[in-house]
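Dropping a structure here in structure tokens format, bear with me for questions.
Going in written order, the chains are labelled A, B, C and D, and every chain counts its residues from 1.
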Amino acid sequence: MDSLLSQIYADVLPLVGQGKVADYIPALSKVEANQFGIAICSNDGEIFSIGDADVPFSIQSISKVFNLVLAMEYYGDAIWEKVGREPSGLPFNSMAQLEYEQGIPRNPFINAGALVISDMNQSKFATPNIAVREFVKKLSGNPSIQIDRIVADSEYDHRSRNAAMAYLMKSFNNFDNEVEKVLRNYFCNCALTMSCVDLAKSINFLANKGYSQLMDTQVLTPNETRQVNALMATSGLYDEAGSFAFRVGLPGKSGVGGGIIAIVPGRFSVCVWSPALNSVGNSLAGAAALESMTKHIGWSVY
Amino acid sequence: MDSLLSQIYADVLPLVGQGKVADYIPALSKVEANQFGIAICSNDGEIFSIGDADVPFSIQSISKVFNLVLAMEYYGDAIWEKVGREPSGLPFNSMAQLEYEQGIPRNPFINAGALVISDMNQSKFATPNIAVREFVKKLSGNPSIQIDRIVADSEYDHRSRNAAMAYLMKSFNNFDNEVEKVLRNYFCNCALTMSCVDLAKSINFLANKGYSQLMDTQVLTPNETRQVNALMATSGLYDEAGSFAFRVGLPGKSGVGGGIIAIVPGRFSVCVWSPALNSVGNSLAGAAALESMTKHIGWSVY
Amino acid sequence: MDSLLSQIYADVLPLVGQGKVADYIPALSKVEANQFGIAICSNDGEIFSIGDADVPFSIQSISKVFNLVLAMEYYGDAIWEKVGREPSGLPFNSMAQLEYEQGIPRNPFINAGALVISDMNQSKFATPNIAVREFVKKLSGNPSIQIDRIVADSEYDHRSRNAAMAYLMKSFNNFDNEVEKVLRNYFCNCALTMSCVDLAKSINFLANKGYSQLMDTQVLTPNETRQVNALMATSGLYDEAGSFAFRVGLPGKSGVGGGIIAIVPGRFSVCVWSPALNSVGNSLAGAAALESMTKHIGWSVY
Amino acid sequence: MDSLLSQIYADVLPLVGQGKVADYIPALSKVEANQFGIAICSNDGEIFSIGDADVPFSIQSISKVFNLVLAMEYYGDAIWEKVGREPSGLPFNSMAQLEYEQGIPRNPFINAGALVISDMNQSKFATPNIAVREFVKKLSGNPSIQIDRIVADSEYDHRSRNAAMAYLMKSFNNFDNEVEKVLRNYFCNCALTMSCVDLAKSINFLANKGYSQLMDTQVLTPNETRQVNALMATSGLYDEAGSFAFRVGLPGKSGVGGGIIAIVPGRFSVCVWSPALNSVGNSLAGAAALESMTKHIGWSVY
């Protein structure tokens, strides 16, 4: 594993810093581009890492996975009456599609879908952002994980696009709570600050049939675990999901903070991070690292 | 394996005949709905089957896989300058998306994408429909596979929608040959008549890192094989690809003739057939059979 | 004129009550469908009317005309940097078009356009809804015109769709003020309660080269007047503007309260009202009355 | 009138040659940009002209008016079952809208609508392009009007986009004849070569309640005439119809050859020509000339 990480590191180093750090909110734009880390968490609990794998970063859309898993525990299949399971074929914040499909978002990993999931969690938890934070603390075994309030507030100040989506869904009766309240909680989830090691640990249950070693708990059933992985495989990388499947071939989820998580079912979970993004908003060096990884192990899920 | 097939058969029997046989051309609408078959071809060459697994049927869009594999052999990565690799998020014959994306179809498994691949094969082969037919004869080891000319002619007579897509791509300079000629060949490929057993054999190389036992040939490299499987996994079932990944979790490709092929990488290939379709055009009992299969084996790629 | 009105009345009577009273908010749905009135205000100030021409009704989108005229006085051509002048070719509340055209609404008479105009007025007036109310009081010479607060509040409670549009425009930097505040004022304008006679008087300046007799003021220049009429002619009746031009041939503006105003340039202004609407949201009997009118006078602007 | 034309000429001269001559087919791209002409035909038959008013040019989409008038004579209101009467709000050759509205084009002046009208004329006339040519010969009193076969053939060679639209409508059963045959005739109509004087004379009946002095015939009823003018007013200038109404305020129809016809109902017809086009495909100097004209006469239909 350590030599695999060294090979990946060597492959990817020339790409680190290429691309563009997310700049739609000031708080994110200040992150130093020249950073790169990977962490692997094997199903027997070992951690392997290289580079900036312990530097906390803004997990952003990776939080959609935790949000979904939390909702699945409470709602089960009822989720799929309010959110679809199909790739969107359009940018992650498309209004046209949401209008055409009458307020039912295509999947839980585009923004509209994540907002519906947040709305469902809002109906279950007094303070959903605390619930999600406590959940990832337990999953990662790291009690010091924080929400970056400056990031969360800044995202709220730039909420227009997400507010438009939430109100559109509300107009189709697919959104129950107050828009502003749900957005506040949603942005807090996005503003969770975690390292590659934290994330690799947190998601290991998805590589391990739903069982979390750290929590010694079955977080999801094996079948639900396959479902979450299937959703990540078809819809986890915005409008690049197909190309990611083609190049990398693993279920994964990216965030505009530069993180990407991926699952090697039955073996290990992985998290890469490098803040500079490609044109569709995925970590440029991060995606390349995962491509290098599957090339070196000569294996993908397909 | 035989007991697996019996279990699936029992699970699915109540669904056989539910749905609606494709009726956009008269030749297809006459097929008896109450038929169902499965064939499995293991990577060591054994065949297992049940039901109407030897009855030949119109493979329709399953031919897009053979068409693509043939083109990959000649064009390699140049294919992806003319066709995308992303799920479409829209019906298989959407014009709006094709217009918006300036004549570059989203992937090779929607009609527009398959037409571009056919156009590429037209530039390489004197009679591409014969080339494809000979290819599947070799892959399946069945020299008697035929093109149903009545079906092919009937599809040509109802070509308007496909002609519209081809001309639209031509207007964006993404289509080189004469539209009518390419359509003729394309419809001949769709009109190939094969059984579940033929198809399971023909695609076994996709479960076997690109190696065909029957032909004793490396049809594709292992990496290309994973690429084709990834494309099937994200885009193989029209606008139901995500839901198929969620329920079944295998790379697959369907056709309106009622066939669905699927790949269990490293182990076996499978073909199910039942002519009655669900609302998005996939075999209703066929998809249920594959879902039953992954439930019984407790495994999917995810 | 009186005999013209009698003829129209006879023509239209069988249609009164056909269609469906607006029911998206409770306050509007209670209006008795079987009402019908017309008032004509000639350029020399005479009023002719028949039926329920003195019954006040909710003017709804007709207020968009007053809103626009007010903004034109302050902003002049700067308006057209934020709003287009083209018919929309889509329903009045389309999000897809607004997204595609990056937050610039097609014209000031679809909802998104009227919201931008309201946003501009918000930047000029402390309480824009009072400014518009005072404006129509002067234009109509009726100091008792009121805003129906029950209607305004009910519309605010059902604001999701309009809020989604406003936030979407805000995300494209085409909306300056707080969304909720602008919506409040916008709904107050829609909730103005006026009769056919009030409205025919209020808009007479549009038939009279911009000169209001009642106010003895040039409200708009002759050129601006032609511009407002041109906008009404191409975009005044939602997605039925072309058909209204074809059948009626006069600049006009409708509201879901069942009112339609129309202009016979150089001669007179007219307002019809009948609450039951056709499928695109225009007064069924009202549009028929205007069609009857242009047939009887054998004249349209075309 | 002569002094009006001189004023317009002076206003517009600085703009002549600005913009870009149509270059989608070689035959049109060779036209010298620096040309400009206007001709007015008054309702009492007098002709006034200035500049290159006698130079024949390719009338292109202006032919859609003649095509429609011919079809109206044979089909009456049945036309409107196959074509709408609404502005499109999208470019003249949009496929997305045509798909969304199931093969019913928005109006007879976008390409798809004109193709449906051509298809209807194909069902009535042995050689529709000859029928249209003979019609304009009579309307203009000029027996030497020709179809430019080089232009017509070149357009046919570049037919892909129009073929795509025709086939799409055929797939919705809104197109009866063979696509290629209809396109041939359609392009012949577009390739008619006429001067400003020819066109001003030909369309004078639209300014004269349907009565053609030259033919001494009632070509259309007064009501039908108003209908054609209404359609031109709302849909005659592609995706600039609203802006043209706003700036000019007359029913008009443009062509990519650089011609624009316009109607001053009850008074006169006018044709301007200047080959260089603005970004949406209308003659830049031509539109400016008509704007100058309505400014000088201080009158528009609105």
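By definition in this document, contacts are C-beta pairs under 8 Å (C-beta built on N, C-alpha and C of every residue); 3 or more make two chains touch, one makes a residue touch a chain.
Labels paired with UniProt names: A, B, C, D = Glutaminase.
Computed from a prediction, not measured in an experiment: that's the story for all the values here.
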Going by average Cα coordinates, which chain is farthest removed from subunit A (Glutaminase)? D
Take the average of all CA coordinates in subunit C (Glutaminase), do the same for subunit D (Glutaminase), and state the distance between these two points in whole angstrom. 32
From the C-alpha centre of subunit B (Glutaminase) to that of subunit D (Glutaminase), how far is it in Å? 47
Expressed in whole Å, how far the mean CA point of subunit B (Glutaminase) lies from that of subunit C (Glutaminase) is 55
Give the residues of subunit C (Glutaminase) that touch two or more other chains, as numbers and ranges in rising order. none
Got a list of which chains touch which? A-B, A-C, B-D, C-D
In the complex, go through subunit C (Glutaminase) and note every residue touching subunit A (Glutaminase). 94-96, 98-100, 159-161, 163-168, 170-171, 179
Residues of subunit D (Glutaminase) touching subunit C (Glutaminase) in their complex? 84-90, 97, 106-107, 222-223, 225-227, 229-231, 233-235, 239-243, 245-246, 249, 251, 263, 265, 295, 298, 300-302
